[in-house]
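One chain, chain A, links the two complexes that follow: it is found with chain B in the first and with chain C in the second.
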Partner chain A sequence: MSRVASAIVATGQTEHGRRLDTSMAELAREAIDRCLDSRGLSLQDVDAVVAGNMEMFEGIYLVDQLFVGALGAIGKPLYKLNTGGTVGASTALACYHLVASGRHERVLGVGFQKQSDGSTQAAITTVGDPVWERAVMAGAIGNFASMASTYIAESGVTPEQAAKVAVLARRNACRNPYAHLRMPDITVEQVLESEMLAYPIHRLDMCPSSDGACAILMAAEDVAGDLADRPAWVHSVATVHDQQYMGDSPKRLAVMRSLRGAAAKAYKLAGIDYPLRQLDVAEVYEPASYALLAMCENLGFCAMGDGGRLIDEGIITMEGQLPVNPSGGVLSTNPVGATAMIRVAEAASQVMGEAGEHQIEQVHRALATGYGGNAWTDMMILGDERPSR
Partner chain B sequence: MSTTHSNTWIVGLGEARTAARRDDLALNELAWEAIAPALRDAGVTLSQITGAVTASQDFWDGRTISSMNVNELVGGATGSEAKVAADGTQALAYAAARIEDGDQHLNLVLAHAKESQGDVHSIELAAFDPFFERQLDPDECVLAAMQAQQLYATGRFTAEHAARVVSAFRARSQVLEPLGVEQVLASAATATPLRELDRAPLMDAAAALVVCDDLVADQLAAQRVRVVASSSRTSAYWSQRACIHDAPEAAAAATDALGLAGWSMDDLDVIELNAPYAHQYLILASALGLGDGEQLVERMESDPKLSPSGGWLAGSASGVAGLRSVVDAVARLRESGGRALVHATTGLCLQSHHVVLLEGGAQEASR
Partner chain C sequence: MSTPDPRQFDREQARRIEQQVTLQYRFAAGTYASRFFAALRDEGKILASRDREGNVMMPPRPVCGLSGLPMDEWVEVGPDGVLAGCTVVYVPFIDPMTGSQRPVPYGFGLVRLTGADTSIYHLLDETDPAKIGVGKRVEAVFKPAAERTGSLADIRHFRLLD
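Then we have the complex of A and B:
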């Protein structure tokens, strides 16, 4: 394993949603302050900062340099990552590598985005190849609609099963004070009757566009125990990509090579053979309802093509065998630069026993994933036991 | 707390042909022009590469997640790639961290930019505060001019000193024509007191390294150079600094890295500096304690240790310049051994500083 065992010892989030009350820099600082204040720490206790944000969304080039004061990075090493939907998880992984390699003892990671300040659809459309893809790809929705169609054909999953996922997420979010979409009364019928954005994706099948920020503090083994009663130790990390063009990786959502590859590596390093039994909670980056079921299949929570059963039988509900996204997930909250870090922070909070109303009992091991760009995956497995080196 | 790197090796070098316009190549083809020779140099194939850290800017590429365009070229497809939005030296530092903690063993580091494809003023304008500064329509040149005004007002340096740096560094360039001091001073005024030739010209460039851990390095025939330490520091945003004509964070980053290595400035055989404007080299060199005023300029003109590649002024691109200097420094260390410090910068007015220390030669080959 690593040179230095590393653990997340604190997390902080803003209230997510349409945050017209504050600026993007203030959002980032709100999350940082909540993270550090939760342990009685200050910026003086931070050795380095890793920032994650997608600059094209708000149109600020070198945003980490402009916001360096808000990020608490003046006079410190400041790393800037920029990897699309995964960026929050990529940022968390960078915090881990900078600590696990012995370079720093306490690294602050912060992901932030204020999508109401820009045009998410326009920015995401520029992800595509300017010649071959942009004219036919309508941001994230078109992409996921295409992938969901393939997934339906491959797995036989139904619109009703996908709608149940959307309902579960928004109801779970009601227990999360930071979540954007909290809809206690949402029904399957409402999801199915909501506007069709791009077949088969209805409006309520899709994640929202949010303003928000999230921060984590990663600490080395020598100090982690002093900073948190129950640190969330990093048991494994993995990053795996797919190919750039959708046509080069057929059945992209049905056969998620990056998620399978990352899971294979992360499970092996963490000694996990039966994820459904050995994980206690999972925070999965699901930008659309269909995606969650496909991801759960590819994470090995069930047999391939059996994703619908996970939701029909309640296996992934708060009370199920493996609760997935008790926070409400991406379907309830999506400030892109922070979204994947929220998955990591929520998983860490579950291990630390600090998830509040959506805390799952007896969490010893938690999984967090990030997903974005050309279908790539970042993954982190956290646990309450300090890993051997 | 930090520790020195003890097991990150540079075993392959590659650089694309740098030119003002590479219309003959698409951006990913330009990147491959750097990657392919780096792989050959290391004696490995792309299929052996398990991951990469790349450096590029979405704004220059006109593309959200700019690394997607090069992901397959660096072994990223089904491999592990991460992207920093900073100079390529930060990508090298992050790649070293991933190797040091045992996650990665044989990786590529890539920096690329095609400045000819960007609308320079629009991109630079986007780096300014959107509410309070953009209405003034500034760009990096205007800010660099304010910095130069402050610097020259101290009486320590003049515009002629900066022109002499341009002339000296252009003479070391492999890609740009030599320039006389008078040519620089007679070039078109851009923003007082700067002239057009005070600025490193916009270029299309890419640089790549193959890096690995001890075990892999032992199995390769390639001559290796060790990444001994790295550090970085970021200062406040320019408008929150009373003084923008100094670079204390450059000195802090260098001091930290040297401390980790147990070296002093006197131990260095090569010192590579990078900045987009000539007067900024004077700021950097004096911040690093290399001298001051006329004496420093004479040293920059004559000392073979100081920016032997000519740095960014000799032809490179934003985000590539620092990594290109690493390529150049490693080539020198392979030839004559010794120790090198490579500096790079990101941001307006020398805001972020990255420092990498390298060691090569007989003692490293025998490790």
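Then we have the complex of A and C:
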């Protein structure tokens, strides 16, 4: 598998939201400083940097050059990634590969996005195929609405069940000081009465557009124990791609082939046969309420078509058998380039016992996912036990 | 070093530098799409690509993602099909083809054309969510031959048959 066991030993996040007080570079640096400060480290303790950003949102395409100082990479290797919505998770996986291969001992990963600088709709349009898809696509919202229609047809999930997901996310977010949307009093009725953006997706069924950044420090086995009392060891990672066009998967949101494929690989490598029992918390990349339930099905948390039961029976709440997104998830915070890294950082914080008010008790293993466009998945399973190589 | 507390920031001091960036693109459609659009414009036919195992892909493409085989046959698909996904969009949205707002509401969906294994996005002629749905049958409505230019818009929209 890997030459060196690797662990996340520190994380840092900005306050996410509409951050008119910072520039893009300052925002990334805020997350980096918080990550390193939490362990009394400095940039001198970092061997290499991986930066994740979806450039079309701000329209600045050479962030690795322009922000090299802010990213703490002068005189060091700096790799920039853009894998769309998954980029934060791809960045964390890249940090893992650089450490697990034996190439570097301490690698800093940072994902950042400043959506208030640009136009979210215009940026999303550029991810569509210019010949086949742009003429009729309606940004992320129309795409997810169309996917939701497929999921509803397959699973029979109701608008009320989806609305409960939206409520759970915003209430969980109230315990997360970094979250963008914190709505303690939100109700199912409010979600169902919020503006219909694209049938069946209401405004409160969708994630927000946020500014924010997130950083992690990945360390090799020889130094991880010195850097954190309880490192979050990487038990497995997986990346799986599907075909390229939106219409290539026959039941796009109901059967998520890349998510299923990545889960099968990651579970096998980590020795997980019953995810609902063997995982203690999951941070799932859910851009819309319906998507969370579909993703939980495809991750094997319940039988296919049974996602509605997970929310009706409280299985995925903070107190449930498998808490999903105690951070509030993407539905509460979505600075795109940072979003999937926030999943990884939150999962790591849960394993390290440092998640604060939204800490789940006794977390031994945690799952984090990133899901891009619709066609690919990055996934990481973290645990408190140092894995054998 | 620690960064300043954002809650202490005086928002009156925030400066934003406004810029407008206009970029013009001319995307080469490529061999497969060019043939597809020529058949659509000149013959009113919808062509898909097929490999030797019989996988039929829309949009047509050089290699089948399922089999990994070259797609060197062409087959006519449609003009009817079924909806694999659909929605009615209410939120105002900038049409990337025109740069202006597309009138809302409008319907669009994933259409699985008869004979094809995959679907394409296109507009629907229906804006009542109760009347559209996964599995409903639809049919392509072509622009008159004289108005066709060789783009996906030569299919004006799909109309509900059910």
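Here is the rule we go by: the second predicted complex is superposed on the first by the 388 of 389 C-alpha atoms of A that agree within 3 Å, B and C clash if a C-alpha of one lies under 4 Å from a C-alpha of the other, contacts with A are read in each partner's own complex, and residues count from 1 in each chain.
Assume a contact is a pair of C-beta atoms (placed from the backbone, for glycine too) under 8 Å apart; a residue touches a chain by one contact, two chains touch by 3 or more.
Since this is a predicted model, take the numbers as computed values, not measurements.
Chemist: Of the two partner chains, chain B (first) and chain C (second), which one does A:L20 touch, if any: first, second, both, or neither?
Modeler: Only chain C; A:L20 stays clear of chain B.
Chemist: Quick check on the superposed pair: does A:A145 touch chain B, chain C, both, or neither? Answer first, second, both or neither.
Modeler: second
Chemist: Just to be sure I read the superposition right, which of the two partners does A:A198 touch: chain B = first, chain C = second, or both, or neither?
Modeler: Second partner only.
Chemist: Contact-wise, after the overlay, does A:L279 reach chain B, chain C, both or neither (first, second, both, neither)?
Modeler: neither
Chemist: Scan A:Q244 for contacts with chain B and chain C and give back first, second, both or neither.
Modeler: Both: A:Q244 reaches chain B and chain C.
Chemist: For A:P130, decide between first (touching chain B), second (touching chain C), both and neither.
Modeler: both
Chemist: Pick one for A:M56: touches chain B only (first), chain C only (second), both, or neither.
Modeler: first
Chemist: Let me test your reading of the model: by the given contact rule, A:A173 touches which partner, first (chain B), second (chain C), both or neither?
Modeler: Touch partners of A:A173: none, neither chain B nor chain C.
Chemist: List the residues of chain A that touch chain B in one complex and chain C in the other.
Modeler: 59, 129-130, 242-244
Chemist: Using the touch definition from the top, list the residues of chain C that touch chain A in their complex.
Modeler: 1-3, 6-7, 9, 11, 14, 16, 21, 25, 27, 29-30, 33, 57-59, 65-66, 84-91, 93-97, 108-112, 117-123, 129, 133-135, 151-153
Chemist: For the complex, give me every residue of chain A touching chain C.
Modeler: The contact residues of chain A facing chain C are 14-15, 19-22, 26, 29-30, 33-34, 37, 59, 121-122, 125, 128-139, 141-142, 145-150, 152-153, 195-201, 242-248, 250-253.
Chemist: Under the touch definition given earlier, write down the residues of chain A that touch chain B in their complex.
Modeler: 1-4, 47, 54-62, 64-69, 73-84, 90, 93-94, 96-98, 100-105, 123-124, 126-127, 129-130, 220, 237-244, 257-258, 261, 372-374, 376
Chemist: What residues on chain B touch chain A, complex-wise?
Modeler: 1-3, 51, 57-59, 62-69, 71-72, 76-86, 90, 94, 96-103, 123-124, 126-130, 231-237, 240, 249, 252, 346-348, 351-352
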